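One structure coming up, written as structure tokens, with questions to follow.
Residue numbering begins at 1 within each chain, and the chains themselves are lettered A, B, C, D, E and F in the order written.
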Amino acid sequence: MSRIDGRLPNQLRPIIIQQDFTKRAAGSVLISAGETVVLCTASVSDELPRCMPKDSTSGWITAEYRMLPGSTSPRSQRADKPDGRATEIQRLIGRSLRAVVDMEKLGAKTVNIDCDVLQADGGTRTLSITGSYIALRTAINKIFPAPKTSPLNDSVAAISVGILNGIPILDLCYEEDSKAEVDMNIVMTGSGKFVEIQGTGEKSTFTQYELNQMLTLAREGIEKLLNDNSLA
Amino acid sequence: MSRIDGRLPNQLRPIIIQQDFTKRAAGSVLISAGETVVLCTASVSDELPRCMPKDSTSGWITAEYRMLPGSTSPRSQRADKPDGRATEIQRLIGRSLRAVVDMEKLGAKTVNIDCDVLQADGGTRTLSITGSYIALRTAINKIFPAPKTSPLNDSVAAISVGILNGIPILDLCYEEDSKAEVDMNIVMTGSGKFVEIQGTGEKSTFTQYELNQMLTLAREGIEKLLNDNSLA
Amino acid sequence: MSRIDGRLPNQLRPIIIQQDFTKRAAGSVLISAGETVVLCTASVSDELPRCMPKDSTSGWITAEYRMLPGSTSPRSQRADKPDGRATEIQRLIGRSLRAVVDMEKLGAKTVNIDCDVLQADGGTRTLSITGSYIALRTAINKIFPAPKTSPLNDSVAAISVGILNGIPILDLCYEEDSKAEVDMNIVMTGSGKFVEIQGTGEKSTFTQYELNQMLTLAREGIEKLLNDNSLA
Amino acid sequence: MSRIDGRLPNQLRPIIIQQDFTKRAAGSVLISAGETVVLCTASVSDELPRCMPKDSTSGWITAEYRMLPGSTSPRSQRADKPDGRATEIQRLIGRSLRAVVDMEKLGAKTVNIDCDVLQADGGTRTLSITGSYIALRTAINKIFPAPKTSPLNDSVAAISVGILNGIPILDLCYEEDSKAEVDMNIVMTGSGKFVEIQGTGEKSTFTQYELNQMLTLAREGIEKLLNDNSLA
Amino acid sequence: MSRIDGRLPNQLRPIIIQQDFTKRAAGSVLISAGETVVLCTASVSDELPRCMPKDSTSGWITAEYRMLPGSTSPRSQRADKPDGRATEIQRLIGRSLRAVVDMEKLGAKTVNIDCDVLQADGGTRTLSITGSYIALRTAINKIFPAPKTSPLNDSVAAISVGILNGIPILDLCYEEDSKAEVDMNIVMTGSGKFVEIQGTGEKSTFTQYELNQMLTLAREGIEKLLNDNSLA
Amino acid sequence: MSRIDGRLPNQLRPIIIQQDFTKRAAGSVLISAGETVVLCTASVSDELPRCMPKDSTSGWITAEYRMLPGSTSPRSQRADKPDGRATEIQRLIGRSLRAVVDMEKLGAKTVNIDCDVLQADGGTRTLSITGSYIALRTAINKIFPAPKTSPLNDSVAAISVGILNGIPILDLCYEEDSKAEVDMNIVMTGSGKFVEIQGTGEKSTFTQYELNQMLTLAREGIEKLLNDNSLA
């Protein structure tokens, strides 16, 4: 069975990464996977978020995610505040990046990640994680040029998997995603450990066997993603 | 190794279910697991949410989740709007219940689930799912007294698992949850299929082996929860 | 003439008080009058509200009031912010409690009262005052075990009165309240002094004679309420 | 004992009423009592509020109340939304006016009352009621020139009373109001019936005897207010 | 060609200025131009806006603008927050006044200007600027009685011009404004310099020649406005 | 005198225009002037804004403008709602585009323009107008391929001018803009007519002579901008 866009079940969409796409933020990446395009920036400041103690010696990484109105057809309304979906996604991005950074070594700094989707075709949340990691790495490398002092512990990337017409597939485009029985997002480190697993079967529940198939697909996809793009 | 409250790693907290706790909603359950107490109500109406077509012949189930200010010590501020965490939770509750209901058979009705946490001690989201299912079942049985016409396909319940000090444990209380390296919430049907898997390793990543251990614990816990309380 | 539920004009609905219903707040009471059920908690903190000077040696008592969505049939929408009615009620609760507490003796503490209506059948505001007083008394007795130092000056309770079909009645249920020509809420101390009088004749104005009748009914009702429940 | 501004305990402040102060609204009154100045307008429209049935044959009167920032010294912040106090006041104004209007005779119309305090010196809510009544009467007389068809049943006015240093006084200015032990607002019709009684003893509770003294003062004050200004 | 109200193309509407209309603010002016009536107050405080450094030795002037609901027919909805139009106008008022005040000489003070339109008939923004200048001058003269120390550098006033049926006209009333092809607001100092020029041709673009004609009209109008009212 | 970046007083920054930068919106342009980069999209829908009559046969063009958080250094906070400045700008963009479109010929359609600033270095509002015009033209040409039926009447572009150290200059970068005595934005059509003139002299007022110099600079700049990029 061939997929909508001719890919094999375990095939990623082509990835294009433009580093330093803009100049104001310490890290800035325009990343695309097929027709999904996200601008990820990493801005560093010496102000800590209010929820942290003022004399903290460790830092924090937080993320915001939005879809620009023109990223979809028909146009989506500009979100004044993050809606339920965006809230979930930006919390996921933040947790994923914090999993590979040593906050003590980062010191009393905040890194603000901004993911703005310029064009949407499925997988915006996982691509935002991968792109944000690259922007974050660029920003951290500027501040901590000596590898010894770098707070980065590992690399991280994310991919979606799902079950469509009973067949597990990797890296779903929008059309596949909207028809899939099961949808799962996996965040994994370069060393092969899980950071997050989020699987949902709203249209259909799934068995332990199907879960195992999807996890295998995701693991191979993330390894390829990190290796082919020299991210690991 | 014994747990904070003396339980075994695979032991659930005691469950108490008070059905018909209040009278206005079609279904109303006060459910407690140890010191966590949630009031779950299911209200049925003939108005469909705005996002559905007006002439729809199928229905919808939606959920709201809040913690009452006095449910924690110190008191938590009353949330004017659901914050990021509550947004995630109420979306999870909604998806979990919709997974076991045939919306066509439900017909053009909305079921509003309200989960208000009266006392919090860990596991409020999973207890809300289990309690909401019972309230929903009560409401549906009132409307569809004949089993044949009932839109309920299956039962559903949820439980948390995690890894604390390297050991996988079931049904974490607050103190365990705040120290756990990995935290996972599993929603499963009475027929043993997954509805949702949400695992996060913010303090620590986790391996495939640890994932398998946690899934096994969760499966046994949910089976026991459903069987001991005649929910399956 | 007999009332909707068979009571005499000057008869209270049966009161049930469950103290320490939850454990997190210093005081917690589930109180019901007939079919109206309110959970009242009193949480104490050492932070003063912003509007008070930082070096204040006296404290403050403030209240929030909400109806849970499932407390009515049909379900009421969850209020993101207190609406006009809730704003009036929570201000009334706060003033009523402050009238019997010596703020200097309370010291630099804030007591947050939370009244969440679990089931509504008229008289939710007056029952909230009575229940809050009990929760407050429990909380204060924990902090000030010696009666001499206690900031509590008096007891306080509240009741509604009204005129229905020309006849003054005590403690209106919802159906009576919605038909009454005049509606009045009286807050009174155990020593028989008024704290608040709020009378409104939207459907009909009322005479001095009718006012006197209602005040007499209310006085007797509050005395009975305080004495029968050992609150005075 | 003489009062701050030399008045007798039962003496009103001088009232000035400028009718038709502005021209756009059907009724417009600039009313002052001593140094308190309020602009009251009554605008009539054929649109009913959303909460009323579309085919209603009766109307509605609703009110908004705000203090302009420059009405106090120091300047008060411009209120984006009505705060708790303004919410209470505008609901009181609406109820007071509706008490003297026959909504069936008004027909399917909405009267919007706007009370904007230009200068504040105590008694803004009671002066707003009196001023709004005059603006409303003007508007109604324009629409219903024949007395027989007029929906106005009665006149209405309001005044404050209180207890200061143990002495009951009428029509408190700001300085008196801020020191009073008991504060009460009375709304009464030209025919001598109560519309609203709101008495609060936050600083001190009050006895039945004191209540009677205040009600007597208020009755005389409102009669004088209505008669001297030809409002009854 | 004669205008709607009989004026010549270069003729201003009659101006009435009531100084010290209210007493709480340091400066208070009720100003009218034909049927447009605005209350302008200038309140002075020693608190600086948050955006300024705490140890600043210079001050700031900021403005708020609203139309009261009863100022138009039909009534306009009360604006909870300034809408787009009000935001533009209040920013314009603030810039216009700051252009004639030496902030260093003003010292660490904030002047809050409040413009509340009581009756609207075109030209509310330009009349607000002129009225605010008078209120500001009154307030500054109270604080800086010696002319040498006064932070006021110049006088300022504003007027509208436009093109209606191809003819340039001065000081448009509402009916003219709603039909004009081009609408322009000019703010000018007593010494004849421009502070702001805002011209818009939504219905029609305009040529350099038409621009020059409008600027000439505006210059003459503002000179007359300042001189006839002894404002320069 | 040479400018900060070596340009002559009347010299534009280099312009780069990438058409069809994204694919979802009917028109999409990434436009940069020096270091200012804006993504402009034009989305067309058949729904009219609520403020227009439902049976309207003419359309509308509306615009939204935001700066992405990473477009500045330090990062700017993500704006939940358009602030005062963004409100002004997006209203200006909308008016500028509507000036060159025949709404009757457009028919009952809404064009939503979205301008998202990816990198900011002065002149974001004028570049947004120019970029939006190009995106709009692309969108309109798709819908109206026959020139005869096209609702586009003219081309439009915008540029900033100002006075810095007494010298009029064209197309200010951020550093120039923040120091300029006078700042002016000019919107002009391809046929040389003004659409908008907005000049402000917050730091300094300006004379008629200076105004004329700035208008001449702007006219030459816009002509060059339109001709060099084949936009006229």
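Note that contacts are C-beta pairs under 8 Å (C-beta built on N, C-alpha and C of every residue); 3 or more make two chains touch, one makes a residue touch a chain.
All figures in this text were calculated on a predicted structure; none of them were measured in a lab.
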- Task: Provide the labels of all chains in contact with chain C and in contact with chain F.
- Result: none
- Count the smallest number of chain-to-chain hops linking chain A with chain D, moving only between touching chains. 3
- Item | Same or different residue numbers at the chain B/chain C copy interface, by half rule | same
- Computing the C-alpha centre of each chain, which chain sits at the greatest distance from chain C? F
- Hey, which chain ends up farthest from chain B, C-alpha centres compared? E
- Item | For chain A paired with chain C, centre-to-centre distance based on mean C-alpha positions, whole Å | 51
- Query: Looking at which chains touch which, would you call it a line, ring, star, complete or other?
  - Reply: ring
- Message: Applying the stated contact rule, could you write out the chains in ring order, opening with chain D and then chain E?
- Response: D, E, F, A, B, C
- Quick one: which bits of chain B touch chain C in the complex? Just the residue numbers, please. 21-25, 28, 35, 37, 39, 41-43, 45, 64, 66, 68-75, 78, 80-81, 112, 114, 116, 118-120
- Interface with chain A, chain B side, in the complex: residues 84, 87-88, 91, 95, 98-99, 154, 184, 189, 191-202, 205-208, 211, 215
